[in-house]
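Given below, in the form of structure tokens, are the structures.
One chain, subunit A, appears in both complexes that follow, with subunit B as partner in the first and subunit C in the second.
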Partner chain A sequence: MIERYVRPWLEGQGFHLSILWDPTDAQRFLLGLGFTLGLAIASVLLSLVIGVLGVALKSSPWRPVRQAVTAYVELFRNTPLLAQLYFFYFGLGSLLPMVEDADGHAVRMIGNFQWAVIVLGLHSGAFQIEALRGSIDAVPRSTIEAAQALGLHGRKLFRHLILPLALRNSLPALGNSLAQAVKSTSVAYAIAVPELLYACNRIWTDNFNVAEMMQVLLLMYFILLGGCALLMSRIEARFRLPGYHSR
Partner chain B sequence: MSPLTLLSQRIRPPLNASRFIALGVLWLAAGVGVGAVAWVYRDIIALLLNWTPALARGFALNILMGVVAMLAATVFGTLLGCLQVSLHRGLRQMAVLLTQLLRNAPWLVVVFLVMNLLPFEFQALDRWWQIPDWLKAALGLGLAGSGYVSEIVRGGIRSIPVAQWEAAASLALPRRKSLRLVILPQALRSMVPPWMSLYCAVTMATSLANLMGVEELMTSLQLRLTGQTRPDLLLPAYLYVFVAFFIYIYPISRYSRYLERKWSLYS
Partner chain C sequence: MHQVCAVLEFLSVRRTLLRLSVGLLALLGWSVAQAEVLLERAVSRGSLSVCTGEEFPPFKFIDAEGNHSGLIYDLVLDLQHQLQQATGKDLGLQLVLVTPVNRLAFLNQGRCELLVTSLLDTPSRRREVDFVEPGYYSSAATVFAPKTTRLEHWEDLRGKVLCSNPASVWVRPYEERYGVRFASYTGNAEVRKAVADGRCLGTLADDVFYRELAKDPNWQDYEIKLPSQDAAPWGIALRKGQPELQALLGKVVEGWHRSGLIIELEKKYGIEANPWVAEQHARYAQGSAGQ
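Let's look at the complex of A and B:
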């Protein structure tokens, strides 16, 4: 149907949207979309783990541990993501030994997709630590005092009071970091991870349809980010406590 | 006091003699360690120092691109931000939509868009002018950043109490004039810290121009690295990029956070 009706009409408009009728291009495009989603989800999960760990370490009684977390946060917040990607992929990656894959080819121990996940995770993890800490700090002092007056302290206070409120406080920042993660996946283009931008770049160099693919690319990112925003507003509505507003 | 400190309250011991000696030994060990590493990698360090003048030119291009991008973003973003609070419904909705679109597009994609969209050269004043690649990349980053500036401006304007608008109106100032003479000057203070951190982000993003072949810091480093074919050089070389950016960005971002803290206390 596409071949018969859509293609002549679109091409008549001067719109060479090859991903609709060329199976190779369609496959490349969908694979790119999958890689972008996979990268975003994996790196957000990694950054959440790093964020929770970092917050826990940042309240450690030992000063060097706290300083190490601060150093990590400052280093990753104040250097370009691309430099981090190159540093890990080329700098550290070249030091790793080669291993044999299933077909007997020698490959790097950590592939470009894994490196992209690691670096994007480390990068947004640094922001996650600050966000999570901020959401813990935003738990109202008076609520904590009220809980203390009821005899809660230490671990119990943290589990039953600070954590549930802090998690709710952190939802907007989490949504923000999710959106940021989806956008940052495009930088993985630099180490040839076949994500959306890379796939589109391949398609427009093969078909000379830069303008069309550019629009499709932007549209895809808007849909993805709109989806993230929708998801987060659903989650926020689901966990909303009547009468509780964070600072 | 944050709730976290409740969990880990601890009193620091006073600095006595044994602690003093332990600290001294620690610092000495650290110094010896750094010295040893520097000795082992002395030829690499010498090579990197040798490259520094050329790499500094690359980094200067990064900074220039950052400034140009930020100028473009500020001009366009301020306009967009003011339109976001316009009374004209169509203008406002268009500005809001454009801001959201710009904010939700990945920077790299916007840079690609502008690089492909802008012509290689254009005709004006009876001659052809070429647009250098670095300028195209900077304008792309400026376009991407203008969405953020627009939000900063809108937030700054919103942070000013409505009473100020009314006061300006009671002085018979038309809306445009009261925005320019009354609201924006007051909003400036809350806009400066996020503007500075946006500048940091834009300057860091100029390294993306590496992917467009613009000869900035990372590209000039990679050009020199390919001439060497030494895999052991890669790690220190990319560490060098880290350090260069960190030295430039960190003070600015620290200062922006300081301003944010300082000014949020009194507003």
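Let's look at the complex of A and C:
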């Protein structure tokens, strides 16, 4: 069907969309999509863990711990992601020991996909800490006092009141960082993780259909991020508390 | 009535536009049909723009004084000289630095008249640009890896990871033929760093470049692993639709082969003699002797 009707028509328009009829290219592209999604999910999860841990550590009674968290946040917020990726992969990564892979070949510990997840997670984790901290601060003082008057204290107060409200507060910022995380996966291209951009680069190198693949690439990210936005608005609607939000 | 007028007006505007565009198209067709003026834009600009890449020394590099140097650069200089004679105009030389990823696009966008780099002349690239025949140099695929790596046949590479340059024409055929898995990095420096870091078994390599790199004391623990295969000539590329320039450049390159200029440059830069170049020299030198 594609070979008979779609291909001649598209090529007639000068549109060499090889991912539709070349099985190798189609596979590359789908694999790329899979890697992009995998990177995004893994790095978002990691960044959430880092965010929650970081917030907890930031309220630690020990000053050095608080300072360490601040230093981490500042370092990762104020340096470019690509530079961080190169630093970890080519700089720090090359200091790690060699290990044997399944075939007995010596390879460097921590591969490119793992490094990409780690760096993307650390990068958005820094933003996550700030977002979560802001939303904890935004829990109204009066609500906390009311809860205290009803006898809630310490951990119970945090678990039953502050955390549920803070998480709701943080949802818009979380949506932002989710979108940012999906977009950021494209830098993993620089360390040969075969995600979408890498796959498209491979495909346009073989077929010289740069313009076509650039459009496909842009559209794919647009669809992916549209999906994220939809997901986040669903979640926000689901957890909306009547009367709590101003609207 | 008003509406009818508006529609009529709109139609007449449309007709005018249509006529205009037909006229423009005709004009365009006419200019295409006109005979090619040799290097028209370069001549009007007074300088020849040549796209070239950062290659491995000693093919192209910046020397100790900060000047361009190398076998490819010397050939570009000769090209400039000969094109000046052919056009009868004084042409300066402007080098436009390209990467393996953007080189064909730069040429087709008109940022340069010629692309002179280690570009393999392959059928798929011929769909995009025209190549000057004959080629001026030649290279083939091999693997560059640590001396300790055990690798005897191409078939041993099944399922193994090789690093590669992002625009390599060998990636897809070698994936299909030998089941190699490739990790492409953005540039040659990153590829070499990845090989040194043990990110892959070795790199799929252009034999002439990596034979030179293997001589470098920093890379003494590495070597060329497999016999070269899939040799292809390096062609000077130009935009399509310039048959006159293409033919003229063909004569220039033939001249290089006939006079042995490329062999001289190999000696000058201490590059291992390329058997393909020697073959071309024998062929063209003999051809001219027979005439």
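One rule holds in what follows: the second predicted complex is superposed on the first by the 245 of 247 C-alpha atoms of A that agree within 3 Å, B and C clash if a C-alpha of one lies under 4 Å from a C-alpha of the other, contacts with A are read in each partner's own complex, and residues count from 1 in each chain.
Operating definition for what follows: a contact is a pair of C-beta atoms (placed from the backbone, for glycine too) under 8 Å apart; a residue touches a chain by one contact, two chains touch by 3 or more.
Being a predicted model, the structure only gives us computed values, none of them experimental.
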>> Per the contact definition in the header, classify A:L30: touching subunit B only (first), subunit C only (second), both, or neither.
In response: neither
>> Let me test your reading of the model: by the given contact rule, A:S94 touches which partner, first (subunit B), second (subunit C), both or neither?
In response: both
> Which chain makes contact with more of the residues of subunit A, subunit B or else subunit C?
Replying inline: B
> Looking at the overlay, what does A:H105 touch: subunit B (first), subunit C (second), both, or neither?
Replying inline: second
> Touching A:Y198, do we find subunit B (first), subunit C (second), both, or neither?
Replying inline: second
> Is A:T79 in contact with subunit B, with subunit C, with both, or with neither (first, second, both, neither)?
Replying inline: first
> Which partner does A:A190 reach: the first (subunit B), the second (subunit C), both, or neither?
Replying inline: both
>> By the touch definition at the top of the document, which applies to A:M214: first (subunit B), second (subunit C), both, or neither?
In response: first
>> Touch test for A:L150: subunit B only (first), subunit C only (second), both, or neither?
In response: neither
> So which bits of subunit A does subunit B touch that subunit C touches too?
Replying inline: 90, 94, 189-190, 201, 210
>> For a test of understanding, state which residues of subunit A touch subunit C in their complex under the given definition.
In response: 24, 90, 93-94, 98, 103, 105-108, 111-112, 189-192, 198, 201-202, 205-208, 210
> Inside the complex, what are the residues of subunit A that reach subunit B?
Replying inline: 55, 58-61, 74-75, 77-84, 86-87, 90-92, 94-95, 133, 136-137, 139, 141, 144, 154, 157-158, 162, 179, 182-187, 189-190, 197, 201, 210-211, 214, 217-218, 221-222, 225-226
> Can you list the residues on subunit C that touch subunit A in the complex?
Replying inline: 101, 104-105, 124-125, 127-128, 149, 159-160, 163, 166-168, 171-172, 175-176, 183-186, 190, 193-194, 196-199, 201
> Can you list the subunit B residues touching subunit A in their complex?
Replying inline: 2-8, 10, 101, 104-109, 112-113, 116-117, 200, 204-208, 210-211, 218, 231, 234-235, 237-239, 241-242, 245-246, 249-250, 253
